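You will see chain A twice below: alongside chain B first, and alongside chain C after that.
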Partner chain A sequence: MTVIQELSEQLQQGNPKNVAELTRQAINENIDIKTILDKGLIAGMSVIGEKFKAHEIFLPHVLLAAKAMYAGMDLLKPLLLKEGIPTRGKVIIGSVQGDLHDIGKNLVAIMLKGAGFEVIDLGNDVSPEKFLDTAEKENAGVVGMSALLTTTMPVMKKVIDLARARGLYGKKRFIVGGAPLSSEYAKEIGADAYCFDGVSAVETVKRFAGIF
Partner chain B sequence: MRPAIRFLGDELIERIVSEGRHIMCKLGIEIHNDTMLSLLVDHGVAIDKNTNRVFFNQSIIDKALVSAPRSFKLYDVLEKQAVDLSGFNVNYTPGSAAIYILDGKTNNIRRPLANDYTQYVKLMCKMNNIASQSTAMVPADVHEKISDSYRLYLSLLFCEKPVVTGAFTIEAFEVMKNLQVAIRGSIENLAAKPLTIFSCCPTSPLKWSDVTSQNLIDCAKYSIPVEYISMPLSGFMSPVTLVGTLIQHTAETLSGLVMSQIVNPGTPILYGGSPAFFDVRYETTPMGSISTMMIDCAYNEIGKYLGLPTQAYIGLSDAKHLDAQAGLESSMGATLAALAGINNISGPGMLDFESCFSLEKLVVDNEICGMTLQMIKGIEPKEDFPSQPIFEELLKEKHLLISDHTLKYLKGEEYYPGKVLSRANRSRWEEEGSTTISERAANEIDKMIKQWHPTLLGDDIKKELTQLMEKEAQKYGMSKLPQIN
Partner chain C sequence: MRKIFNISVDEVIPPIGSVLAAQGIPLHLKPDERTLHLAEEAILLFRRYAQPTGIVMEISRDDFDVIYVGDGKNATDSPVEPIYKLSDDLALFAITIDESICAEISKLFERNDFALGSMLDAAASEGAELTAQWIENFYGKHLVKIGRFNNKNDILRFSPGYCGWHMSAQKKIFKTLRPEDIDIELNSSFLMKPLKSISGIIISGQKEIFEFDDTFSFCKDCTTHTCRDRIKAAIDR
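Let's look at the complex of A and B:
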């Protein structure tokens, strides 16, 4: 088994220590950074995603694998920056203003990070301005909004309306999720997609990033 | 604590058993088999030759109760232990001998063929909550005289699980025994490691036919386990009261027990049955009736009181399709049966008064069985005391999804059903095609049958099984066995 294969395997096992060690070894062996990322870390997470969809593994194992992914990414990130290799993309995420619920949003953030995206988590009770200011400042392609309450759902529309006013609509993708949401509602407010769980969020963001 | 359910107190059980024994001794049981009658006479039992009525005595009943094993085990074709029929252990097996199959593609019923039976057997290999096979359908494309043995042949050829079966005629027993001896290598090894259970049915009220009496004799000779399937019909062929029906069931079942034990003391048996509370509106024998289920659970209590392992036809439905009625009757029966600790529960896959088998229903019922097996594990403390550390972790980490505690107990504390049950949120369910339970079951069937691989039984033994079956078929004018796809 090559070091890259072993890296993918250890990531699937959810072993951050071994993933860090193998990533370091791969770097020391002068293996191409993009190969380490794509064929080692991301390939491992893809297997995890498929197994999760097939019910072969459950959510905790996905999260453990994601945690292991971070261990590798922490070492690769400075090198990717140095070599000017673009990341998979940046996502701003948060629970909308007035909503203090963040369990679902946190899960989505973990799974997006696990899939290799850079995630900026604004936490909960996030104002429309903060969503858009951060998206502009960080040059993020995707804005993810979460709401658990029917009373806070309208804030999502405010974010999109403000994006229209600022000329950001159409340039950035807006995704929404949360228990009271639906694809109909997402369409009504002009969101680009409704994501009903972590897996669908990852698949949607991958689609937007042109990764299939 | 294992959850349990009871319908009878010990005092009532004693009265029922006492009455059942009284009926056996005073009114007698009709037995239409000369060999059995001679054996009974040899054992000091009085008979009326004109009516074939046998008047048992207390002593011979007591002796049979002493010699019958308290438990036994079944072993698969590779001699691995597969079913433990003891205590409150619960094992599922499909319903048996349906004369129709509900065709999943057309949704119509038709006579099952050898290929249907083979598909069923291959599917049974994947039914992880159903411990044994049964000879669930009667293939219509073989001579009726081999329709019992041919089912057993296919079961033994394509699946490793032990088989609950039965002979329709006296003559069929020989080849059905020989198929088993071919697998075990010797009669002695077959007796040591039983592979099948034969269902033997008295005829209500209080009668044993020539065929079933002979089946009891033949099974006992080779120590092949039997389950007595007494079928009183409350209000029609037995008293309308549940207690009255239980008295009749006791008399019919204990008479079978005596017959097995005088042939070969120690013959393994199950205290079983398939009673029903007769529906006087439709003239039917509903297996989904709550009173039917109560009789099943109650005679199981009597069997356990007598120290015997038990069986019942319960957890099946009278619905005609895989609909809400099928789900409610099957799950209610399976739940009660599991709580009652019935050792061998015959039911999964069966519809329409035990006459119609559905592969789709089998796949759904497998999940019902899984849930009930989880339920009877009960609730036990794990690393729950003291509780402060886990709550500290929860407050610190904000969730427990990847806590060591979660990873350790996740799978033991819940039964995770297969994809046939929808546990996805509406959006995902829609994304996956807005499927009905029947459609999901059909998908699972296709997938599971494709995953089937030949059993590890040696090719030489498989060849011998085929030779035995071909020879039997030739006896009845069949030059070859049906082509299996």
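Let's look at the complex of A and C:
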């Protein structure tokens, strides 16, 4: 087994210490940084995503793998910056205004980072203006909105209506998620996609970024 | 009657099965050792950080009419209204398991302990539900003691934000119940801080008043349908 394969395997097992060690080893062996990232870390997280989707593993396993992913990423990040290797894309994410629930949104952010995207997490209780101001300022391609309460769901429509008014609709992709939502609701308010969980959010954002 | 309780954490420790279920692990599956260990650790942290407190206050039907309306945004077909209109006794309640557990969840996420953080979040939510149940049980026992509850009665609780009862009722619940006395605050969006808090109304009455079909317009948005289990349990009791 190559060091890259072993890296992917250890990530899937959720072993942060081993992942950090193997990442360091791969760097010392002068393996291309992008290969370590794509074929080691991201490939490992992709397997985890597939297994989760197939109900072979559950949320705790995904989150243990994510912790291992971060252990490797901490070592790679400065090198990626130094070599000017771009991320797969930028995503703005937040729980909508009036909603303080952020656990689901945090999990989606973790999964997106694990898939190689840059995530700007605005936290909770985020106003429509803040979503769009940040998306424009950061030139992010995707805006992700989360809501747990039926009473805060309408804020998602406000964001999309404001995007239309600002001429951003169609230029940026809007994804929504949260317990009370559905794909029908997403369609109704003009969102580009409804994401059931972190794995479907990763798949959707990958699709938007042209990564399959 | 208005009472404040500091509830022993031992009385509201969530069962490991419900914590795992909240993480998407079906009850019939035996979790692997690592997952089991995470759940046990989360429950230990819950025991260390949770400080369950609650407040309950009896209220007349006329006074509750005003609270229920909130800002006038309730669904026209909410089941809460016909139930409470036929009730014998009502009590407002609010509970929290304290801010320190929410802070611990944030800390775990900050240091990339996502799995334990998520597990503790699940344990905290389950523990908050058990704390609300503790208060409901207390009120039931109180009604028995004063002779206002017998085997033809039952008791259930409802919260704003669910079953077509709009969140805006929170403002009036807070004005009457004053949960600030147990350190629960309400923000301008009617959300409570600490996040792991629950408020609402406890309704006591004849068992039949609690029966309804879950075919209301808002039921399609509901992901839990816990009302079915709670009502079934009430009818079966």
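The working rule: the second predicted complex is superposed on the first by the 212 of 212 C-alpha atoms of A that agree within 3 Å, B and C clash if a C-alpha of one lies under 4 Å from a C-alpha of the other, contacts with A are read in each partner's own complex, and residues count from 1 in each chain.
In this section, a contact is a pair of C-beta atoms (placed from the backbone, for glycine too) under 8 Å apart; a residue touches a chain by one contact, two chains touch by 3 or more.
This one's a predicted model, so the numbers in the text were calculated from it and none came from an experiment.
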Simultaneous placement of chain C and chain B on chain A, clash or fit: clash
Touched partner set for A:70, first chain B, second chain C, both or neither: second
Partner chain(s) touched by A:200 [first = chain B, second = chain C, both, neither]: first
First, second, both or neither for A:25, with chain B first and chain C second: neither
Chain B versus chain C as contact partner of A:152, first or second or both or neither: second
First (chain B), second (chain C), both or neither touched by A:125: second
Touched partner set for A:98, first chain B, second chain C, both or neither: second
Greater chain A contact set [chain C / chain B]: C
Chain B versus chain C as contact partner of A:106, first or second or both or neither: both
Touched partner set for A:58, first chain B, second chain C, both or neither: both
First (chain B), second (chain C), both or neither touched by A:183: first
Contact residues common to both interfaces of chain A (with chain B and with chain C): 58-60, 63-64, 67, 103, 106, 182
Contacting residues of chain B [partner chain A, same complex]: 398-399, 401-402, 406-407, 410, 416, 418-419, 425-428, 431
Complex contacts: residues of chain C adjacent to chain A: 23-25, 31, 34-35, 38, 105, 109, 112-115, 118-119, 121, 161, 166-167, 187, 189-191, 193, 195, 218, 221-223
Residue ranges of chain A in contact with chain C within the complex: 14, 16, 58-61, 63-64, 66-67, 70-71, 97-101, 103, 106-107, 110, 125, 149-152, 179-180, 182
Residues of chain A touching chain B in the complex: 55, 58-60, 63-64, 67, 103, 106, 182-183, 194, 196-197, 200
